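Each of the two complexes below includes chain A, the first together with chain B, the second together with chain C.
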Partner chain A sequence: MRDAEFFRRWMAAAAAAVEREADRLTELDSPIGDADHGSNLLRGFTAVRAALEAEPVPAAPGAVLQLAGRTLISTVGGASGPLYGTLLRHTGKALGESAQVSDAELREALSEGVGAVARLGGAAPGDKTMLDALVPGVAALGTSYRAAGSAAEDGALATVPMRARKGRASYLGERSIGHQDPGATSSALLLGALADVAEPAGAR
Partner chain B sequence: MTGGHPEPGPGVGSGPALVGIVLVSHSARVAQAVAELARELAAGGPVAPVAAAGGTAVGGLGTSAERIVAAAREVDRGAGVALLADLGSSVLTVKALLMEDELPPGSRLLDAPFVEGAVAAVVTASTGAPLAAVAASAADAYTYRKD
Partner chain C sequence: MRMLINSPQTVVTDALRGMAAAHPELDVDVERRVVVRRDARAGGRVGVVSGGGSGHEPLHAGFVGPGMLSAACPGEVFTSPVPDQMVRAAAAVDCGQGVLFVVKNYTGDVLNFEMAAELAAEDGLRIERVLVDDDVAVTDSLFTAGRRGTGATLFVEKIAGAAAEEGAPLERVAALARRVDECSRSFGVALSACTTPAKGAPTFDLPDGELELGIGIHGEPGRERRPMMSAREIAEVAVGAVLEELTQIGPADGPVLALVNGMGATPLLELYGFHAEVARVLAGHGVPVARALVGNYVTSLDMAGCSVTLCRADEEVLRLWDAPVRTAALRWGL
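Then we have the complex of A and B:
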């Protein structure tokens, strides 16, 4: 079973990963986006870390993710704010108010969160978006957290030959081909951070 | 804000409240300018409340959820709030706020071109029309071809 502390560690690990990779995310966002994905997410996750450390700290897993999601919507300023915010808030809502959640409940809740992201953005796998990492990643949670992290990373790599059909990159048409999607890349970081806190034995 | 008109039309004083309009742009100046344009084109009688929510909280290009929520509260007269958004994160942030019930009851994101839709929405709302009519007239701006 996973408690609120586990979810705070996940968000802290995600913030650390975003901090580590912010420059790379912004580099990926330069040829096909507006070159702010790294800095936007860094601002958002820095605020998430601060919000989760401020008193009173949330006592339930669902409340941790809802607070994190709300913070991202408020602070990011770009499209990744409402998208990641919706992912975490809907996942948090699906977890309900229990103080402890099982891995199966988390898997189910994350699926709902990913569904909410798909509805919000009107996107599907293959559109070269964060869903290309989230959908295979969450599907692989049935195997293990580590498998989910790897599947999300593979999903992000698989966006390279895709043509963008959503967001600013879609205006580029053919020119969006050959670049890895920054949103799929940051989504892989989020699931990689989950794997790191859930299965630390396999962590780097 | 727009008081002092000598010939009050429908929706003023004892009439039904006017639908409020919020303009959400990546740029504070775009939101302000479109709000001004729409207000001036709707002038001649009472003008529906219009608020601009442009740029990020720190004055950069992008979207601020706080500005959107504050703008919606500012123009809410109980008859509903129509929101128009320009690109990507403007649209997604409004949709996310609607999904989370963070906007006043009766708030709605209009599916309309930003400038033309804003003018149509403000002119229509200023006649005292209900939210559904405001939404329809803004969406109608998509059918005006320019070639």
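Then we have the complex of A and C:
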């Protein structure tokens, strides 16, 4: 079973990963976006970390993720703010108010969160968006957290030959082909961070 | 990178501090990033609120004032503002008549304004939204996020603001705004990429002697790259592309509002020369220019280049266009 402290550590690990990779995310966002994905997420996750340190950690896992989601919506802007915020808020809502959640419950809740992201963005796998990492990543949670992290990373890599159909990259048409999607890349970081805190033995 | 800034992190805040100092007639909340017309609630009018990423100045904060926007929310550079800003702006300008959100068609702006509209409605405000999507360079909209919102934003904000100033009800202001958007089309050209403060390097490489056709306003490359052309040739391509779509939505010889908009780094000398070519091409097509505006209004940081926006205008739109406006960047008749 996972408690609120586990989810706080997940968010802290995600913030650390975003901090580590911010420049790379911005670099990936340069040819097909507007070169700010890293700095935007860094601003958001820095605020998430501050929110989760400043306040007493909410007693329920669901409340931790909802607080993180609300904080991202209020600080990131762009498309990433509402999309990441929705992912975490809906996942948190699906977890309910239990103080402890099982891995199966987390898997189920994450599926709902990913579904909410797909609805909000009107996107599907293959559109070269964060869903290309999230969908295979969450599917692989059935195997292990580590498998989920790897599947998400593979999913992000698989966006390279895709043509973007959503977001700003879609305006490039064919010219979006050949670039890795920054949103899929940061989504892989989020699931990688989850793997790191859930299965630290297999640390990368 | 050489920029007149303190740091990439404070660039938006610093600009707002400057705006507050230069324009005491505006209520600038630097911390929360909301720019409000001081007398927004005095007239019992519909509120007209817009916002978007920074880097497009004077859009939108430069258009806050009598006859145009009631409030604007600047986001980070090229990044949509967050819902908190829009909710705050709506609350600051609402006097019971409702608020119109003018939203450029970019995924981030659409999503954040959507969330803001929901939150404001929960607070009891009446909110209408109009989406600006005028960029003809994006054609296969089934496979994209739809046409981008660019230069027509100025037309929509001016006409909606004038209608609100006259005391038109929310539904009327929204309907006019939608009509202006539907009757407007734009096409942009880049002669250089722009440099975002966060990245500190050009967002794409544009070799000497080439230009990029069909660009938006966020430093993203366009649809096609060609060897450099003369102003005359560029005007033919741009106006041709815009007219091709405009003829599908109005009388081919009807009068238009014309905006020749600089992207930020192209001098007025070039913009006026370009406008001469635009006017010549339009005359060749038998399209009368009812009103023209030339200058830097919807920019893309330090990008060189320009866009052309045309709006098929009826008498009501022309009357509202001519109505007095007093903002930092656009003012006449007052």
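In this text, the second predicted complex is superposed on the first by the 204 of 204 C-alpha atoms of A that agree within 3 Å, B and C clash if a C-alpha of one lies under 4 Å from a C-alpha of the other, contacts with A are read in each partner's own complex, and residues count from 1 in each chain.
Please note the rule applied: contacts are C-beta pairs under 8 Å (C-beta built on N, C-alpha and C of every residue); 3 or more make two chains touch, one makes a residue touch a chain.
None of the values given here were measured: they were computed from a predicted structure.
After superposition onto chain A, partners chain B and chain C are found to clash with each other. Legend: residue contacts after superposition of the two complexes on their common chain; A:R89 is shown touching chain B, with no touch to chain C. Of the two partner chains, chain C is the only one that A:Y171 touches; chain B does not reach it.
With both structures placed on the common chain, the touch criterion links A:G192 to neither chain B nor chain C. Legend: residue contacts after superposition of the two complexes on their common chain; A:S30 is shown touching chain C, with no touch to chain B.
Within the superposed three-chain model, A:S74 lies in touch with chain B and with chain C [touch as defined at top]. Of the two partner chains placed around the shared chain by superposition, neither chain B nor chain C is touched by A:G62.
Contact with chain C, but none with chain B, is seen for A:S39 once the two complexes are overlaid on the shared chain. When the two structures are aligned on the shared chain, A:A116 is found in touch with chain B, with no touch to chain C.
Partner contacting the larger number of chain A residues, of chain B and chain C: C. Taking chain A as the common frame, chain C overlaps chain B at a single listed stretch, which among 22-30, 94-102 or 184-192 is 94-102.
Chain A uses residues 36, 40, 73-74, 76-83, 120-121, 167-168 to touch chain B in one structure and chain C in the other. If you check the complex, the residues on chain C that touch chain A are 8, 53, 75-84, 106-108, 111-112, 114-115, 137-138, 140, 143-145, 148, 196, 198-199, 203-204, 216, 218-221, 223. Interface residues of chain A facing chain B in the complex, by the touch rule stated above, are 36, 40, 70, 73-74, 76-83, 85-86, 89, 116, 120-121, 167-168. Residues of chain A that touch chain C in their complex: 26, 30-36, 39-40, 43, 73-83, 120-121, 163, 165-173, 175.
Within the complex formed with chain A, the chain B residues making contact are 56-57, 60, 62-66, 87-89, 92-93, 95-97, 99-100.
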